[in-house]
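Taking it in order: structure first as structure tokens, then the write-up.
Every chain is named by a letter (A, B, C and D) in the order it is written, and numbering of its residues begins at 1.
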Amino acid sequence: MANTTKIVFIGAGSMSFGLSMLRDVFSSRDLAGSTLVLVDIDDAKLDRMTRLARLLNDKSGAGIAIESTTRRREALAGARFVVNSVVIDRNRLWKLDFEVPKKHGIRQTLGENGGPGGLFFTLRTLPLIFDIARDVEEICPDALFINLSNPESRIILALGKYSKVRAVGLCEGIFGGQQYVAHIMDLPSDQVDVWGAGLNHFQWLLHIKHRETGGDLYPLLREKERTHDPSFAPLSRRMFRAFGYWVTCSDDHMGEYVPYGWEAGERGYDFESDERARTDFWTAVDGVLSGVTPIPQWWLAASGERGGMLVTAIVHNRKQFIESGVVYNQGAIPNLPGDLAVEVPIVADAAGVHPVSLGPLPEPIAKLLSVQAGVQQLAVEAAVHASRELALEALLIDPVVNSTTAAAKVLDELWDVNGRYIRPCI
Amino acid sequence: MANTTKIVFIGAGSMSFGLSMLRDVFSSRDLAGSTLVLVDIDDAKLDRMTRLARLLNDKSGAGIAIESTTRRREALAGARFVVNSVVIDRNRLWKLDFEVPKKHGIRQTLGENGGPGGLFFTLRTLPLIFDIARDVEEICPDALFINLSNPESRIILALGKYSKVRAVGLCEGIFGGQQYVAHIMDLPSDQVDVWGAGLNHFQWLLHIKHRETGGDLYPLLREKERTHDPSFAPLSRRMFRAFGYWVTCSDDHMGEYVPYGWEAGERGYDFESDERARTDFWTAVDGVLSGVTPIPQWWLAASGERGGMLVTAIVHNRKQFIESGVVYNQGAIPNLPGDLAVEVPIVADAAGVHPVSLGPLPEPIAKLLSVQAGVQQLAVEAAVHASRELALEALLIDPVVNSTTAAAKVLDELWDVNGRYIRPCI
Amino acid sequence: MANTTKIVFIGAGSMSFGLSMLRDVFSSRDLAGSTLVLVDIDDAKLDRMTRLARLLNDKSGAGIAIESTTRRREALAGARFVVNSVVIDRNRLWKLDFEVPKKHGIRQTLGENGGPGGLFFTLRTLPLIFDIARDVEEICPDALFINLSNPESRIILALGKYSKVRAVGLCEGIFGGQQYVAHIMDLPSDQVDVWGAGLNHFQWLLHIKHRETGGDLYPLLREKERTHDPSFAPLSRRMFRAFGYWVTCSDDHMGEYVPYGWEAGERGYDFESDERARTDFWTAVDGVLSGVTPIPQWWLAASGERGGMLVTAIVHNRKQFIESGVVYNQGAIPNLPGDLAVEVPIVADAAGVHPVSLGPLPEPIAKLLSVQAGVQQLAVEAAVHASRELALEALLIDPVVNSTTAAAKVLDELWDVNGRYIRPCI
Amino acid sequence: MANTTKIVFIGAGSMSFGLSMLRDVFSSRDLAGSTLVLVDIDDAKLDRMTRLARLLNDKSGAGIAIESTTRRREALAGARFVVNSVVIDRNRLWKLDFEVPKKHGIRQTLGENGGPGGLFFTLRTLPLIFDIARDVEEICPDALFINLSNPESRIILALGKYSKVRAVGLCEGIFGGQQYVAHIMDLPSDQVDVWGAGLNHFQWLLHIKHRETGGDLYPLLREKERTHDPSFAPLSRRMFRAFGYWVTCSDDHMGEYVPYGWEAGERGYDFESDERARTDFWTAVDGVLSGVTPIPQWWLAASGERGGMLVTAIVHNRKQFIESGVVYNQGAIPNLPGDLAVEVPIVADAAGVHPVSLGPLPEPIAKLLSVQAGVQQLAVEAAVHASRELALEALLIDPVVNSTTAAAKVLDELWDVNGRYIRPCI
């Protein structure tokens, strides 16, 4: 088959997602003849990623035409896929998202996708997302918007409710859950098959089966978990014991959504290590580009992140089952609100991305997620309308916020910090 | 008109609600010729209340036949109204509901209708409520069950979902809200008319009007509130400023439902003062019954609690608007779940009790209440099924519960205390 | 009390509703000091109605200031109530609504509020309604829009979904039902109290009680109906026997909504008699105005139509129960869609008009009404968007439409007739 | 892989579905080592089908163990799949389902899955289905119930609502739709890929794509349809022109659900030809079994009916996309009721059968299907409760029923015919 396509990758300079996407796209010949346009506002990063892309393309023989530009609108003409990994001044602002609430006694684990931090991440990010979405609506309205950026749930929810862009979010969180339970059961993770449904970073493994035999692994997990090292994933495991299902993707991500998340630790994200990894990454890229170091073998292998698989499944009309995607709910999880971003398995084919329904969640779990559903919905309303009133209300319905006084102070301080990015989205 | 009826008052020995009910029933001649049966398992209290009832009936000329019995089922034959104010070992158990969670770091304001305390109040009370409900279903299936007992919302929810009994809850909370706002506006409370919708003790005044002119009083309230003594109802007022509407009925009752309720104070209910009031009450009753002291004039006046008004409106087919009743939702507040107890105005007439819809709540308020809706629904499931697993899950979706470790301990200790009362309800 | 108000009556020249409204407004002194502005585009009719209004006002001592104008926007300044009874070229167009479908084999009973006739009535009327609604939104946004015009359900639905105007519809249909059942039971209709819920002209009497005793009259109705003259209301009675409840308001109105409505007769509306009544009415008015004939006594009595009662209840903050109003559903009938116009009892007071919920309809009845709900919703969409495609779809989901070929022809012919009035409403 | 399973095929003597199922099961070696138990109450047919199964198994080398019994409960022990194709006295009763309503002027196209015929098919069939379901619940509760019998939608709806059995229905209707549109476009049907959602026999092709290129074929279909022979599928095509999407599976099946179905013809099912086909089939079987005639080659090829594919996908944990399955809705089509049987694509794997959501249906289509949804729901209630009252109500909400008088007569006559099979199901 000679089906080809055009993929535009916005925020291509992103260390977190950029390389993964490239690895996926270049790890097969399924996209030979297609065009990949890298877009970033940071010339230097864009240049390096473009040179890296060309190198990987050559080495892999993937046969893709590589272009790059800082002008988003030009890139979008004729695009069928828009991959998004933009982020605004990531670590500096995220750090404040975490530290300001902490100063006022609000106990966050990460402050990224939930809690006051998640709110301000939403407030500053959605205006940019809608700038892009409007361009897509105008220039390439049939394109699929594949979102890799955080706050993942809120971006997909906002686009589902307020734009016509067809959007799906991808996250590797479910594979974290798969590895956790495989580890506890002492099984190779590739023998453990999981089916998850819920919210991003708050997804419940409704089935855990042996990949080959199809046998139910929950009995084994329950048995092994009882005696497993208690320091391993303690919060997730207390939730597992209470609610009967394993929750992805990790104590700190999940802990953003519950009033007892602090029990998973309150150190927050390891920004130092993150910065080191960034430096190391770009050093490695430079080494490779300059020919000083060889291409690491794993750069030429698929990342497992499903972005590439999704694109090829659509281009070639494979009815491809993909473990997890963040989609606008509309009944995929019937006992959560329709106007919400949920994470469920998906099928991708020529007709697009289709949620696979695993049925209603167990009621107690649905109720737990409903709390966060309300927070996400209200945070999106606050961002879309650039409303300080709604932002305060979003704080006051968040179970992580344990003080009205603190909420008011956090709002004041973080609005000051983020105010320049906050503007109505529609 | 000579329409008469039969009212059975279960738990008639209750100090809190007993006298009010009697005052209401005797304060008009609308029920002349009707029968009032007092029921209690405490012989002594029943005897005193019966004698008091007879005295008030005589003095008022209400013309009601007074009966009394400890045998509930006998009393129910032919009943058209069953008024319930039963409570199990009230202050001793409630105190534990408050203190045990406190010991483990969970910050409750009252521990009565929300939080861990509210959960255990539900767990021990619903089995008794369903005993009564089954009797009603069998013996007087068309009777209206008027509930005065706490936890009000959970009793009405449980009966709405799991029994055929027609039930309504009455609470004077809305009048508290009316007085608060009248006080701030420096108006006589009888000139202030309020329309509330929400949950019991978490009801929002959607309209505040001048009773005579119909003029909107919210502008005045907003203005006056700004400069009012900051020590007055501080938590309710922060909610008012954030959400734009006044919330009933008081900081401590409302504080049971939110993670920042502790900001309203953590002393809990004043059990000492409550015990003193009880003693004083029974002394006063004895004085009156023995003829030593005259009947206080206010004992002969209506209480304002609406129980009597409700009964007479139904008996005489008045289309009586009553400010507030706790009803099984089913759309009365369309943006809250149908299977929930909500508090809205009601109309009472020969066809029964009808919720009056004030329309959807403002979305942020609906989302705030939805959190508590989930807690109440799950607490009821835990009680109805006598399930410890569901009880733990109910704790873990409650925003007041800030620790999984504490939740587990509270569950252990309070289940021990209440276990003898917990049994499946259906 | 000296509360006064301003009422604007648009389409005041209407014979059907004009006099009733005047009778209601003048039959008490509750509105003394208020202003009534009559508006019509027909100078002559307006003039006569204005003179009649002044005469009735004088005779009754109602004490209202009467104004009149053909300029709607001027009239609306300061209005608190806008009463609407506009209609476009009523009998000529309605006749075509009936006859064109008949010619193609579609069997309507009236062709007014349902069937192809109801669709075209909707298509031509909503643009005018939205013209008025936009004026209200702009000039007197807090006014209550009281609709008397047909198609009643579709106007209230359209305004509820697509405008900010607060609207309620009034119809005397429920009193028809009351009289029918009283007649069958051989009781004076003022001793029969009914509670209805459903759609306009398709409302079900969920309770029938003796007004004084409150006793259930359904057993008597069932018994009497069995042997009652079979020629009386045969279709309604077959529905009563099948569904267990009485349906208002009459065979021909209800028959518009069901595929077997033709069993109620296919003669259609009696336009001749209607024209005669009109002529007689204006003759009588002229006689009265010229002093030749005395004012008929009943012109000075309330009409029973509830328009006046509604206004005074709001002006004086009475919590007035009114038997029936057409409201935007939003949960008032929980097992019908929220975005629908339903007819239920209402309460009127200073806070506005509030639906009274009689709970869910029996499921089979809800399903029967749901069919019509879909038709009404789609007809409104067709009108609001002036969409011929949606109009055809609205025909094809209507159970009265028994041929796709006929549907296409009816669409062609009636679109030609009504096309000049059809334009997007929003 | 050596995953094996046990399949029980109830009603294995069915001509319509029996051979297809055998062909599917034997057409690959994916089920080698598994057991297939044929069950029927007709000894003779069972014997012949069993011998046929053994022969096909031998010829194909499928390696399956074949058993057979007339005792259903024994067969079910250890079953993982229960395939159902039972039918009660098919042609005789179906003929009456068609002719009795016709006699009274009700115009059906088939009287099988809709209209009065569909109602009585439901009334007589569900009791037997629930007998089987109860056995499954007790003996093999984890088995998947694969239904091939009609009335397909009502069986799946009833099981979804009133049993714990996991059930899915299979129907080849969507392939009919695929062939129709391929025919009009003059394309080989295997190059045409379709995605359908709706009700069984009333499913709408939301996407039609070229299988290889993924290109949208709707523009081509619209163009070609305009000039295609007007005698081809005229009713489906009028629906296509009106609603914008192609509806499966054929004029007569779809015509059962709409008041203008008679436009597709009123001859009804061709029972004569059906009887001839049966005779021919058994003659052919006898010929093959006696060795007189060779096995037709197509008996050894997969039938395309997806039953075999479904089983193997689950057994081998393939994430298999299957074009269409009838499932209990629960949000798969979010703008149809949750308690309904809908037909959508499915994914089958070790975790079971999962609906694939194609999102909400276009609103006009959803409204059209909602009418039928109500009919199906009420018919199921009537059958489950063996209620004549509900059966009459189900007739009166069916748009095909154009007379209350006829409805009453049809009910009388067909209840007499079917009464011996009608009994409460739960």
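Throughout what follows, contacts are C-beta pairs under 8 Å (C-beta built on N, C-alpha and C of every residue); 3 or more make two chains touch, one makes a residue touch a chain.
Remember, it's a predicted structure, so these values are computed and weren't measured experimentally.
K.L.:
What are the mutual neighbours of chain A and chain B in this structure?
P.N.:
Of all the chains present, none is in contact with both chain A and chain B.
K.L.:
Averaging only over C-alpha atoms, locate the centres of chain B and chain C and give their separation in whole Å.
P.N.:
40
K.L.:
If you average the CA atoms of chain C and of chain D, how many Å lie between those two points?
P.N.:
46
K.L.:
Suppose each chain is reduced to the average of its Cα coordinates; what separation in Å results between chain B and chain D?
P.N.:
About 53 Å, centre to centre.
K.L.:
Considering every pair of chains, which are in touch?
P.N.:
So, checking each combination of chains, I get A-B, A-D, B-C, C-D as the touching pairs.
K.L.:
Tell me, which parts of chain D touch chain C in their complex?
P.N.:
Those residues of chain D that touch chain C are 235, 238-239, 242-244, 258-260, 262-263, 363-364, 367-368, 370-371, 374-375, 377-378, 381, 389-390, 392-394, 396-397, 399-405, 407-408.
K.L.:
If we count contacts the way the header does, which residues on chain C are in touch with chain B in the complex?
P.N.:
Touching chain B from chain C are residues 1, 3, 193, 195, 206-207, 209-214, 314-317, 319, 321, 330-334, 338, 345, 347, 349-352, 354-360.
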